[in-house]
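In this document, chain identifiers A, B, C and D correspond to the written order of the chains, with residue numbering beginning at 1 in each.
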Amino acid sequence: MNGFAKYLVQRLFQFFLVIFLGVSLAFLITNLSPVDPVEQSVALMTNFGATDPRAVELMREALAELYGLQGTVLDQYLSFWGRVIRGDFGPSLSAFPTPVMSLIMSALPWTIGLLTLALAISWSLGNLLGALAGYYRSNLLLRLSGAAVMALHPVPAYIIGLVLLLLLGFIWPVLPISGGAQMNLQPGFTIDYIYSLILHGTLPALTLVLVGIGSWFISMRSLVSNIVTDDHVVYAELGGVSSGKIFSQYVARNALLPQLTGLALSLGNVFGGAVITEFLFNYPGVGRLLIQGIYRGDYSLVLGVTTMSIIAVAVAVFIIDLLYPLIDPRVRLS
Amino acid sequence: MQLKKLAAAAMAIAALVVPVAAQEFIAGIPRNEALIIQGPAAQNAEWFNLWAPGGGASNNGLQQLTADTFWFINPEGTGDAAWTNALASDRPVYNDDFTQMTVTLKEGIFWSDGVEFTADDVVYTVQTQIEHPGMGWSAPFTVNVDSVEAPDRNTVVFNLKAPNSRFHTLFTVRWNAAWIMPKHVFETVDDPLTYNANPPVSLSAYVLHSYDTAGNWVIWKLRDDWQRTSIGMELDAEPQVKYVVYRNAGNPDARVIEQLNHNLDVINDIAPEGMFTIARDAADTTATWFPGFPFAHPDPTLPSVLFNHQREPFENKDVRWALAMLIDIRAVAMGSYRGAANLAALSTPPTGTAVTDYYVPMQDWLTSFELNTGTRTIKPYDPTVSEQIAALVKPQWGDQIPADPDQLKAMFGHGWWKTDATAAAELLQKAGFTKNGNQWLKPDGTPFTIKLMVEGDAIPTLARAGTIIAQQWSMEGIQTTVDVAGPTNGQRLGGGDFDVAIYWTVETWGGHPDLSFFLESYHSSFIKPAGEIQPPRNLTRWQDERLDAIIEANRTVSFDAPEVAQLGMDYLKLAVEEMPFIPLMAYNKFAPFDTTYWTGYPSAADPYSASGPFWSNLRYMVVQLEANPNAPAAQ
Amino acid sequence: MLDALATPSETRTRPILEVKGLKAYYQMNYFGVQREVRAVDDVTMTISRGEIYGIAGESSSGKSSLIKTIAGAIRPPLRVVEGSVKFDFGGKTLDVYADPARMKAARWQHLSYIMQGSMNVLNPVRKVKHAFHDFAYKHMSLGEGDFRQRLVSHLERIGLDPRVLESYPHQLSGGMRQRLTIALATVCEPEFIIADEPTTALDVLVQQDVLALIKDVQRRMGSSIIFVTHDMTVHAAIADRIGIVYAGRLVEEGPTLDVFQQPQHPYTAHLIASLPRIGDLRKRKALPGKPPNLSEPPSGCRFHPRCPLAIDICKTENPPLETRGTGRVACWRAGEVEAA
Amino acid sequence: MFKVLIDLLRYNREFAIGFVLTAGIFLFALAHFWAPLPDTAIYLLPPDMPPSTEYWFGTTSRGQDVLWQMSSAIWNTMLFGLTVTIISRILAVAVGMVSGYLGGRWDQAMMTINDTMIALPNIPILLLVYFVMRDSMSWPILALTAALLGWNYDARLIRSVTLSLRNREFTRHAVFAGMSVPQILVRQHLPYVMPVIFFTAMNNLIWAIGLEVTLSVLGFSDINRPTIGGMIYWANQHQAIIAGIWWWIAFPIGAIVLLFLGLFLLAISVNEYIDPRSRLSRMGA
């Protein structure tokens, strides 16, 4: 049990380190930004309509107070940590005065849902195919499907998404290409709403799946082709254990463990893919929020989203780390 | 067993795909009662307070459909037809020295919650915003208004701190204006700046029905008591549009696809190619400002080549003229708008009344205008540009291009400057520049290079114009690189952090010859030193006594006085001589309408309203639309 | 069909394992490089019922390949090129390489295998009991309960606490794991057990009782064992007969005692000579050179480059394996060898 | 090494295909030095011309020849990718080998930081950097940023290899022979790590190019400089797809996919070649 405790402590330390470095990095980068929030929103507000020149002066002073950007960089850094802990990134500039946090919170469920679904599919499918391909090396069909997913694997998410959008949204318009759910539909556990969620989620999810499945396939296949030469597998074969059982209980099962760690390590990149996909399909998630924030020069929003996504990914990784021992006895009992 | 798996997967996808048609496009709302308009991705979806910062520019229908104020000007209208009394029963009444404005209000107008609208709401609107700096219209009120009172429930009297013959323009809607606040609602909240006004009470014909917390759509529905609004009481029949849906239809491609799929009736703006695609693939279900090429609706906005007068050598008029002479406007028109541009040689948009008030009368002056290149004088104006563009686009559009020169002028503008490299060279030499090989050197001997700033994706046509002009200058020996500023564009323009930029620094009423809308801010007293933020409009920081004189004169004449147009011409002539910025064209907006469900959209032939979905005049279009009898039956 | 006619009396006398002219080579063709390693070269031998047969030889002499080939535990690039391996289970002949299906069915029921480095033969992420279930359950027609009973009693007999069934391999010591693999190999009481270096990885003390255990089990079940180890002391301890392998060939074979007392092949003599003896203080003379490269073995007798007695014929002619006294030997100068 | 290359070419189909694809595309990219027109020039050719004998891949709506645009675009994109790869390789090798060789506390500390960086989501951080740099975001800066984010995963791989070498005979000998740590790492270990570096380099290159495409497509890069992503960006600006100018998008995407495929095949075949187990089966033993 002691070893288990040690493991937990390590993971916990890692977890906090990720958050500390990530958040500091985010603050540092943003703090160098040339974007002056006050001028940003003055610009946002005076873009249209007659505005008396003298009037803008007053507006500027008023806003400087509202956004409260005083003090040295250190002060700002410390107060930023305070805000991170309180989960308060101040008001969004492009959606003033809505707090950045509430924007993120309303967007987060969409992203989490999309990612979890896509990851679940790509991870299990990729691993299944990869494992089969690694174990039954001669099977032609597996070879072909392998070639297919591997050909897709390096293609950037944006391109795959674009192609899907054209195929299923334009040339053969069968799926909604924009938004998260049908308009004017009450959110809730109704058949209609869930069905609508699935419809709108299909294209983005499919994109992420096609992007993700390749790497799982490849790593799983090589893992398996290594494991099959391990003693315990050879021995089981000499023991006359049925090949189905060997595959499931002696090969795949063991190969899944490193893949789980891989899942934790890859989350960061997966999130990146989600950003692009959400932007492409106008999916109301954190990724779209981030890109909108950038397009509108909304620095508090961009900072907020980046920080939150770093934390979110860290949390997800931590959760996986916590689950890992349940599956690998070598960590649990030692 | 693999085959089985694949087959199963295929089945699953098919199962997902097939019943899509079954799900109606908007839940619970008959498609043929709803007008679907391209909206923004509203981030503050829960926010409906128009008067607090950020709320002021919400394009999701809030100000277009629920807010109201005294007057509207239709940027497309001409003469009196352009003017609409909304909440006010009549035009503004000033005293002789323009220190007091009196407004009489219409009777029988009610808020959507049943409370009657009175002069008290107006007084409250002005006073509350003066008390709360940071509210949208606080500053102009603070600057202008000494006191405001309501002698009776239908009359409001504004006492001004200083003479201002244009004070009423604060309450006159072009794109937007100072909207009247519901006193009875805001009274009850402690801080009007943090109050999200959700759900909003409406003073106009439509009221909030439902919205997406993710900000992808807002649905407005016709008020049952629509007659009790300033717009409703003028109508003789109930508006046929029962619901207005502002939806964020995604990126430009998605917008076009959605309109082709009849899921988006009104597009705000797309690239020319998108417009042409719709015109090609859905000609018989699409209405546009011009029935054929160039399709586009010209906004009363003037994209120009802006020079930073506080950076040498752009303070030198000869340099500015030289750069103008190096532009081949035909290439710019073709490159930016594929020819569908309404060119402007004068420094005011060639739209609405400006055509009759300025462009037509000033043609002779333009043709005879002489420019001294230092070695000789030339007549740079070319009135035949529209014919030349017509010739360029004829191969693609054939019969859609008329022969009649006047029609061509309406489509492509009245004329522009000739491309004249030698004149440009002479002007540069006059300014002390020297040419070394194919590279111009500044008087101090350093190479003359330019960073040309464009905003980018937000306004693709201008970004394209920028790249072409940059190329034309580079080819003539002035190395020019395009610089995409993105969202910092506004800030950098305001801060004077640019050499040369493509943007607009001139916007007009469109429907009225008065130029004060932008000209007021051109007075030298507002010009800031480099680095500081310049108030909106005079982004080039052009400074000229003659200009100040015109502005001061304009302040003293009343809005509708005939002198206004005269002063306007003085300004335009001065602008041609000085070339403070190079006007290019009207901001042409491709806003195709889908006629599958609705007909009777405004057009060049019947310009009864602005066509931009984000313009507040849109409400006059919405209530005029007629359901298409041949529309597919509601599912 | 001959087997079918065989009478019980014959079957009892018939050897349980017959290896005829067995040749197994590593054959590689990778990136155009053609290589052939003669790991097992023309081996012929028989093992009778209830016998413990030990195979000895230096490391990389091919003895491991030989036993793998016999167990049918080889995978490419090691292939059987010639010869046959035949078992005789219950009067039925089973040709390992002719009938893989029956071979698979026979595993664990009739013959089990104890693998080299059996530290890692158990799946690290599954409890021990699953291994027993997977390997043995189908062979003994028992209900879950009875099967469980059988396991427990079997483990106890072998001296293992039945609770090990509920633990994971990494929780057990090397010795316990080795015992487990033996328990696993013997739980079905097979007629034939193949053991590849069963004790190598263990320290001396553990070695002793593992050996004792093997011998004990074998006596109780009367099954035959063939095992490989380079450790002559182990052979001395349990083998009835031993065979000496050099460079892929069987060079000498005979009853353990005779081979130890009267080695007939110079190589055997050397192996035995190099064993430490109590009270013997003479310095052992190391054998010059090292085992030949099996991909291009020396001509004639493969031992001749290192043989103190080598003569011309040894360099050219490969000596046949001939019966001599109680055993067989392949050497031109057999007999002139005397135990040092 | 060269001999190995020949062998691979002769006897490994994946490698052969991969090599041909990559080399072919590289040559095609090289051709842009002989382009008839400057690659930034626009509206010099008739726009929207479909593929024909005159314009093999057609022309863009900006009046450019898609063929020559692609040539420069691939060149610039590859240049970006290689820069990222090289910088990140240096980092990965340094960290990986040092950490692996030192082992113990150092190893733990370095790997903790390493894993931390792996857990950081790249794209948001890159976007953040772009958001800060704006138009001063030149491609070398972008490359540097990407490189700083793209080395951790491979550092882990390299470290594990070095870790295994650490306890090998020859390392001890080297230590006794009094070789300094850098000497040991460079002379003794690097040769073993080299194949891993090569393999990871391929994947990293793919990753970097994908990054370039993604960012440029969003317009988050210098739009004056033709790249694959840039081409798609401009095509989107002109709504090329729905306008039916498919060749403007299809050919660049096709090219990039081929390039990816080529690199990928190289990567896996090399991986197979260096995989100790498949090597084992080659050597026999």
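Operating definition for what follows: a contact is a pair of C-beta atoms (placed from the backbone, for glycine too) under 8 Å apart; a residue touches a chain by one contact, two chains touch by 3 or more.
Everything quoted here is computed from the prediction, not taken from an experiment.
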(request) Give the fewest steps needed to get from chain A to chain B, where each step moves from one chain to a chain it touches. (result) 1
(request) Would you kindly say which chain has the C-alpha centre located farthest from the C-alpha centre of chain B? (result) C
(request) Taking all protein C-alpha atoms shown, work out their mean, then name the chain whose own C-alpha mean is nearest to it. (result) A
(request) For chain C and chain D, let me know how many angstrom lie between their CA-based centres, rounded off. (result) 52
(message) Could you work out how far the Cα centre of chain A sits from that of chain D, in whole Å?
(response) 23
(request) Quick one: report the Å distance separating chain B from chain C, using the average Cα coordinate of each chain. (result) 92
(request) Would you kindly tell me how far, in whole Å, the mean C-alpha position of chain C lies from that of chain A? (result) 56
(request) Check each residue of chain A and list the ones that touch at least two other chains. (result) 34-35, 170, 294
(request) Give the residues of chain D that touch two or more other chains, as numbers and ranges in rising order. (result) 134, 241-242
(message) Can you tell me which positions in chain D touch chain B when the two form their complex?
(response) 40-43, 61-62, 134-135, 219, 223-224, 236-245
(request) Flag every residue of chain A that touches chain C in the complex, lowest number first. (result) 230-232, 234-236, 238-241, 245, 249-250, 253-254, 257, 328-330, 333-334
(request) Please name which positions on chain A make contact with chain D in the complex. (result) 13-14, 17-18, 21-22, 25-26, 29-30, 32-35, 150-151, 153-159, 162-163, 166, 170, 218, 222, 225-226, 229, 264-265, 267-269, 271-273, 275-276, 279, 290-291, 294, 299, 302-303, 305-306, 309-310, 313-314, 317
(message) So in the complex, the part of chain A that touches chain B is made up of which residues?
(response) 34-36, 39-63, 65-66, 92-98, 102-103, 106-107, 110, 132, 139, 141-142, 145, 165, 168-170, 173-180, 182-185, 187, 192, 195-196, 198-199, 202, 280-282, 284, 288-289, 292, 294-298, 301
(message) Please output the residues of chain D touching chain A within their complex, sorted ascending.
(response) 112-113, 115-125, 127-132, 134, 153, 206, 210, 213-214, 217-218, 220, 232, 241-242, 249, 253, 256-257, 260-261, 263-264, 268, 271, 275, 277
